[in-house]
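A, B, C, D and E are the chain letters, set down in written order, and residue numbers restart from 1 in every chain.
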Amino acid sequence: MNELLIIIFAPLLGGVLAWALNVRGIRELLGVAGAAVPLAYLVKLYSELDASGQLSHSIDFAGFTFSFSLTHLTWVFAMIAGVVGLASTIAMVSTSRDGYEWLFALMSLTGAYGVFLSFDLLGFFIFWELMTVGSFMMVLKYSRSAGLKYFVLSVVGAFAMFLAIAKIYALSGSFAFPDVANAVYYAMGRGDLALVFGLFLVAFGVKAGMFPLHVWAPDAYSETNQSYTAMFSGVLSKTGVYGFILIYMLIGYRLMVEFGAFRSAPKFGYIIAFLGGLTIIVGGLLAALQEDIRKLFAYSSISQIGYILVAFGVGTSLSIEAGIYHAISHALFKGLFFLIVATIIYRTGKTTFADMGGLAEKMPFTFAMAFVAILSLAGIPPMAGFVSKWLIFEAVISQNLPILGGMVFFGSAIGFVYLIRFTYAVWFGQRPTDLDDTKDAPLPLAVAMAILAIPNIVFGIAPGLVVKELNKIFGGEIVTSPTLWELNLGFGRYNGLLILVWLIVGLLIAAVIYFLGAPVRKVPVTDTYQSGNPVTMEYNLTIRRNFFLPLKEALAFWLRISFDKLYRDIGAWVEDFAEVMRNYVYNGNVQSYAWYLALILLILAMWGV
Amino acid sequence: MVSLLKRSLAIISILVIGYWLAQGLAGVPFGEDKMLVGHYYLQHVKEQTGAVNAVTAVVVNYRGLDTLGEVTVLFIASTGVAALLWRKKRERTAKVGGSPVLTVGTKFLVPFVMLFGAYIFIHGHLTPGGGFPGGATIATAFLLLYMAFTIYEIPHKAFEKVEGLAGMGYVLVGLIGLAIGGYFLFDWIWQDWQWGVDNIGRLFSGGFIPIIYTIIGIKVGTELSGIVDNMLKEEVRE
Amino acid sequence: MNGQYASLLIALPLISAFFVPLIKELGRKAVMGYLVMITALQTAIAGWVANEVYSTGKPIIVIAGGWKPPVGINLYIGHFAALFVLIIAVISFFMAIFSFRAVNVEPVDKYAMLFLLLMLGATGMIATGDIFNLFVFMEITAISAYALTAYNKTGEAAEASMKYIVLGGIGSSFFLIGVALIYGATGTLNMAHLAQLAGAIDPTVAQVGLALIIFGLAVEAELFPLNAWAPDAYQAAPHPITVMFSAFVVKAGLYAIGRLLYLFQGAEGWSGLLRLLVILATLTVIVAELSALRQKDAKRMIAYSSIGQVGMIAFALALGTQAGVSAGVFHMVNHAIVKALLFLTVGYVGVALGGTAIENFQGLGKRMPLTALTITIGSLATVGIPLFNIFWSKIRILLAGVEAGYSWSVALILGASVVEAVYYFRLVHTMWFVEGGGRIRENFAIGVIAIFLAALIIVIGVYPNDVWTIVQKAGQDLFNVANYIKNVPLMGVGA
Amino acid sequence: MNVPDISIYYFGAIALVLIGLYAALVKKNLLKILIGLSIMETGVNLLLISIGYVSGKSAPILSEGVGPTQAVDPIPQALVLTAIVIGVATTAMALSAVVLIYEKYRTLNVEEIRRLRG
Amino acid sequence: MIETALKALFILLYATFVGFMFMGIIRIVTARIHRRVGPPIYQPILDTIKLLSKKSNITHGLIYDFGILYAVGATILAVMFIPLGSIGVLRAYGDLILITFLLEIPMLGIMFAAMSSGNPYAGIGAQRALLTLLAIQVPLGFAIVALAEFYGTFSTYEIVMAQQTMGWSIFHFPLLLAAIAYDLVLQAMFGKEPFDIMIAPGEISLGPMVEFGGKHMGLLQIQHAIALFAETLFFANIFLGGGVVTAFSSSILNTIAGLAVLLVKQVAVLLIATFMGAIFPRFTIDQAAKFYWKWPTIIAALGAVLASL
């Protein structure tokens, strides 16, 4: 079944050709083709997958055997990569200038596909590294410090994973998932097991942006081509999430047996869930305090990933299914948000909130897309965001884990808060004079945004579509969905269509009352009730900057603890240590070198005598 | 104060290393017959190589490759010294010549020293010493000339050519051995042509050992004097 | 043409080195042309030998002087030696071409002689089957390296050479004491014969003798405390010579350690020595990578990185398992290619822009695009990015390391390679994303070599199967001492 | 710890080696270090020779009086021949390097010759 | 289909009417506490009709109008979900979390409309409203968690049915804590005195409401009325046992009795809020946030933990 290989390597091939030919028209065409081919194949393979349940393919290469497989789970994740990847590449048509970006963007997409479809640990690791390098080079082009911080953290994660893989390989002698699973189950000691879990936690935590390891995300997401960030945060963070599922698949059962459960959630799962909860809160609060539009959405992306981690941490099949559902909806609305950010930056060239404002009239289409994205991310009922959040709430709270329930609930409000902050600063209020002639989104970006907006609405109203696929992963009827519009969990029911219908009814009633009243007179934005002094264009009164000052004061104590500073200090300390050691060890004096030789002779003598 | 500490530390570490080496050497008692391959050489040296002096047989014939490497090392030394001390224009800066005793003595002695050197490397396979001591004595002859006369210089361009030729000669001998006997550095004179098989112990015996030793003698002589010449000269400051 | 003609591998460079003084007057161009011709010839012979060894599967045993071992000296050109002699020849050929442009300090004929003899020394070290002969060839390599390090005749070059001489001298003296001890205990110098008698040696003598031999070789193979001379020597030597240092001179020392280590498996105290070597190797990697972090000079930085990678090879060889040795050999091959490319290109930048300080590399992407691209490929390969050749050997080493139970050192080595990634990507960033000076025309020949090496890196990276099979054979040749003894036609030499 | 009873020749040889090492470790002047180096080399050569000696036997020149069983081991003597020349070569290279250093640095104190470091 | 439409119409009219009556009650009770007579009970209805019939209305753009419509629509949607005795239209889908969210969404609509007007006071008002929302979210979350864990279900209807057998929630200690916390949260949701910083008339001239006038203000009054009714109804259902009466034979009588019981409970909740509102001065926003994150959160968290044991 070498279609799997085509799916994986098509983007890279497209990227390399695009970099090689580097002609304005052809390069974009190749790039988009590179992203579209895998998606087409995935859709084609769906029927075969339905029939046989798993399509696998293995090749012998460089002395190792690499196996690839497409199961329902990996099909779902691959589809996420496909859809968001395609949207992002279409958007890149307008925002990226040279072949360099096409090559590395599509290389990271190949990495993501490879991670999802590989069925052995070594293949998984290789594509993981490929993805890291691809995304790193995209960031390195814009800023060195952000790039290096991202690279060091993700390479530390990758090497932690490699150490764990090596330890398992030393035990099982092969990399394929089935052998690994039963080798870990039967032969692994308790200490090694804990070490391997810790290493995997670090490795996938870094890529998913879990709380203590999330510091790279804001810089990396903002210091790159914004339409690539849609793929970066939409798809690449999902590889981290997929990794957590891998932990469950490969060593989960043994961890459950070895370390027992804490109130129906496995102990190791509870660690993931708790860190996920912290990620939600930290990500959300920091997002609200940001001044740069890209950073706000970077932190919001981290906070949303926190939800998925909480869902996975709880460990029941319902919560994992809810987590995957949220992974899908997060990929959609986060991808959409970053495309919106890309359009804004592409049109206005501004990135901080202070210089923006009042774009709603000038960019109506983008604002409509933003409105859809806001509803979905904040979790307003008829949207996909709400369904997945609702599933996660139900799953977490029904496992009577009160603290996690509280964290998740708090998270939903934070989402609400920083979105309003974004809306107020960018769309409404007084418009600075230099933004008066901004045009609406260019065609490629508009198409990309549309591609991501539609599923947001569809999956909200008709969650049955998604739930039918997800149930196949777990085999049983985890979430029963009698009709396409309805979900029934036994202790909670949701009906997308009904909510939409009654919302429209409500709106109609309000509209009727509205139009009964007298006609309205359009008044410009500057003519507002100012208790006395009229506001003119020059004197632009707005609190776009430092919108949440009171929140910052309330959280002043917590904001002092910053892991970013901690890692930076460690980096600086390592470099100083290296400097001192180098000048001390290689001090240029041949006599001290002779002393080193004598020292080794002494060691040999001590050893021997 | 620091140097005292350093010295005492050095002494202590030296003693420990010494003790360790001594322990190692205790396992190889002095004076005992520890030979294994050595006996084979002693028994077969006469009929296999025709040399009376077993050491020269081992040096040139049995372990010929070592000596080839050996000659190369010396060649590298002389080239290296020439390369490092190379200046555009160089000349001798000695001011004071040798005293009359030295100048007259050198004029008289140099030919005999050279003859004695030649004797050593020609009789390498019979008497102790071989190409290297012979070459060294020749070099001392040139050194005598340098010390006696302030203006004397060896024709170093010619000497370098001789060095090259001698080296090539040695390798050619080896290659001829390869061509005739099938093995590189094969003693075809003794093994194939069986020359001098009957008169072991006299001059014309020992296969290609005398040939190689003469080549080495000339080469070592020229190289060492080349090194002396390089080290003596100073750069000419314009 | 029976196997014995393989001895031409030794005879050819020697006779052509002696021939150089005769053609000295024909001028610089002639001497350099002659050098290129000889190295091409040597590559041809090495190719023929390698083809011979790998097709028949049996090693070629060159008997010097017709005396079968242990009486005479034999050259054992097995899978490993054939592979590496070919690598030495090819890289010397490339460096001969590079010397055309890079070396313009005056006594060029002396340079040619020393160049050939350095190549000879390394070839001899790898091919020989006799430990004293190994000492002689090691000295040939070392002394020609001393001369070539100081060849530029600047203060720094002389200082670097002096340091190398002092440390190399001490190392070789102790090596000789070790040889004396081993000879005293066994009575023979031939490696195969020694392997047979290894079990019978008196324990303390074996332990002291083996420790001293490995100590002597470790100075040559740049293990941690003993490699203090290496960064200075790499930096001060002329650019082609640095390439030869990092590509095969170090490898010869490492091969010797590997060969002797596995020969004396029978001797006492062997596993203790292995553990010590693993610790030293891990220290080498860490210290070298950390020292390269804040380097001002690109050439010295890559020198440290090369030492770090060499430390990793030593770690692989000292693991004591077949997988470890094969991985180590695979890394030797990859490292030789990548470091040759890096030093070649950085050296060429040094020649073209005067000096290899990091500032000269700013905006290199615009000034010398071809060189910048090849340097980037080289750095990405060294860091161990997938789809490049070092990645495959690095993961094999680390897997073997964990399998052999040294997961702590593997963790430290991984940490060190993170540091390595940081300073290489800093270089890549300075080259491509920082503004630099005007465009500079790049030399054609050097460009072709660089492109060839870069292409080789990517080909091995993308399709490493064939190279892996070759390297596995070479690894077995090094590790499997039993068939080494079987292959060597030992004469029964009773007391 | 039992002091190993090694013969005077071994003791002398090791002593020379260690004296050479001592000079390299402690002496400040570069030339003295090189002298120490050559002492070490002579010590090693002496050790090599004394390894080959068999008490009560004569030099391995198999002229009339000396049969194969009365001769000392020839191999160490052959090795020493090579080792001596290597010692000469190393010392020659070292001295020319020192000449160059003095020409450029105007000092031979090891502490000051530290331009290449870090 | 017709039958649900009629029911929905009845619920809507009943909710609006009772909502306005509640606003009237609040005004009268506060006046009486301040020792004044206070306007007649139907005064809010008159005001709303006056506002709706205003001739000159201004608008700041499409979103300015759509925001108001969305707020009213969402509140109507919320009311439909909450079980009203035996009438409830979408009772079966009345999920705790869904209703809590739906009660918060009108705020989003109003926020959109206010911000698009470009008036700085509206901006500050929006910021304070959001921070209050952030503040109440923690105790609200724990209260909902306590409820869900105690009853093991999220459906409001099942909770009401469970309370018939197990007695009102407030009689069980963990849920009593949750009720107290939820009541404090209601204070802010009603926008009553201690936590109405977001619409403080003095400092930021009614905050988000500053730009609304005429029919927009009228619609907001309707929204406020329905919201009052919905929040008190929700509280009554989940904590005070809801209005399920089966004593009478005919179903009509039962429903009326049920509504009456619910009305009494709703008025009780309203009065508690009004009494608190009349006494306390206005908190500043960070005082409000700090207060909510301290005591109500502890009480609710304790309730949640106890409920989960």
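Simple rule for what comes next: a contact is a pair of C-beta atoms (placed from the backbone, for glycine too) under 8 Å apart; a residue touches a chain by one contact, two chains touch by 3 or more.
Here the structure is a predicted model, which is why all the values come from computation and not from measurement.
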Neighbouring chains common to subunit B and subunit C, by label: A, D
Intersection of the contact lists for subunit C and subunit E: A
Chain pair with the higher count of C-beta pairs in contact (A-B, A-C): A-C
Central chain (distance from its CA mean to the mean of all protein CA atoms): A
Farthest-lying chain, centroid of Cα atoms versus that of subunit B: E
Chain centre separation (subunit D, subunit E; CA means) in Å: 99
Rounded Å distance, subunit C centre to subunit D centre (Cα mean): 28
Whole-Å gap between the CA centroids of subunit A and subunit D: 68
Computed distance of Cα centres, subunit E from subunit A, in Å: 36
Contacts with 2+ other chains: residues of subunit B: 10, 13, 17, 19-21, 23, 25-26, 28, 34-35, 37-39, 41, 63, 66, 69-70, 73, 76-77, 80, 84
Subunit A, residues touching no fewer than two other chains: 582, 586, 588, 590, 594, 598-599, 601, 604, 608-609
Touching two or more other chains - residue numbers and ranges from subunit C: 132, 136, 139, 143, 146-147, 150, 153, 158, 162-163, 166, 170, 177, 181, 184, 189, 204, 207-208, 212, 231-232, 291
Chains that touch, pairwise: A-B, A-C, A-D, A-E, B-C, B-D, C-D
Subunit A residues touching subunit D - in the complex, by the definition given at the top: 582-583, 586-591, 594-595, 598, 609
For the subunit B and subunit D complex, residues of the former touching the latter: 3, 6-7, 10-11, 13-14, 17-19, 21-23, 25-26, 28-35, 37-39, 41-43, 45-46, 52-55, 57-59, 63, 66-67, 69-70, 73-74, 76-78, 80-81, 84-85, 126-128, 130, 132, 201, 227, 230-231
Interfacial residue positions of subunit C with respect to subunit D in the complex: 132, 136, 139, 143, 146-147, 150, 153-163, 165-166, 168-170, 172-173, 176-177, 179-181, 183-184, 189, 231-232, 235-236, 291
Subunit B partner contacts - residues on subunit A that touch it in the complex: 598-599, 601-602, 604-606, 608-609
Touching residues on subunit C, where the partner in the complex is subunit B: 2, 4-5, 7, 10-11, 14-15, 17-22, 24, 62-67, 70-73, 75, 106-107, 110-111, 113-114, 117, 120, 124, 128, 130, 132-133, 136-137, 139-140, 143-144, 146-147, 150-151, 153, 158, 177, 181, 184-190, 202, 204-205, 207-209, 212, 493, 495
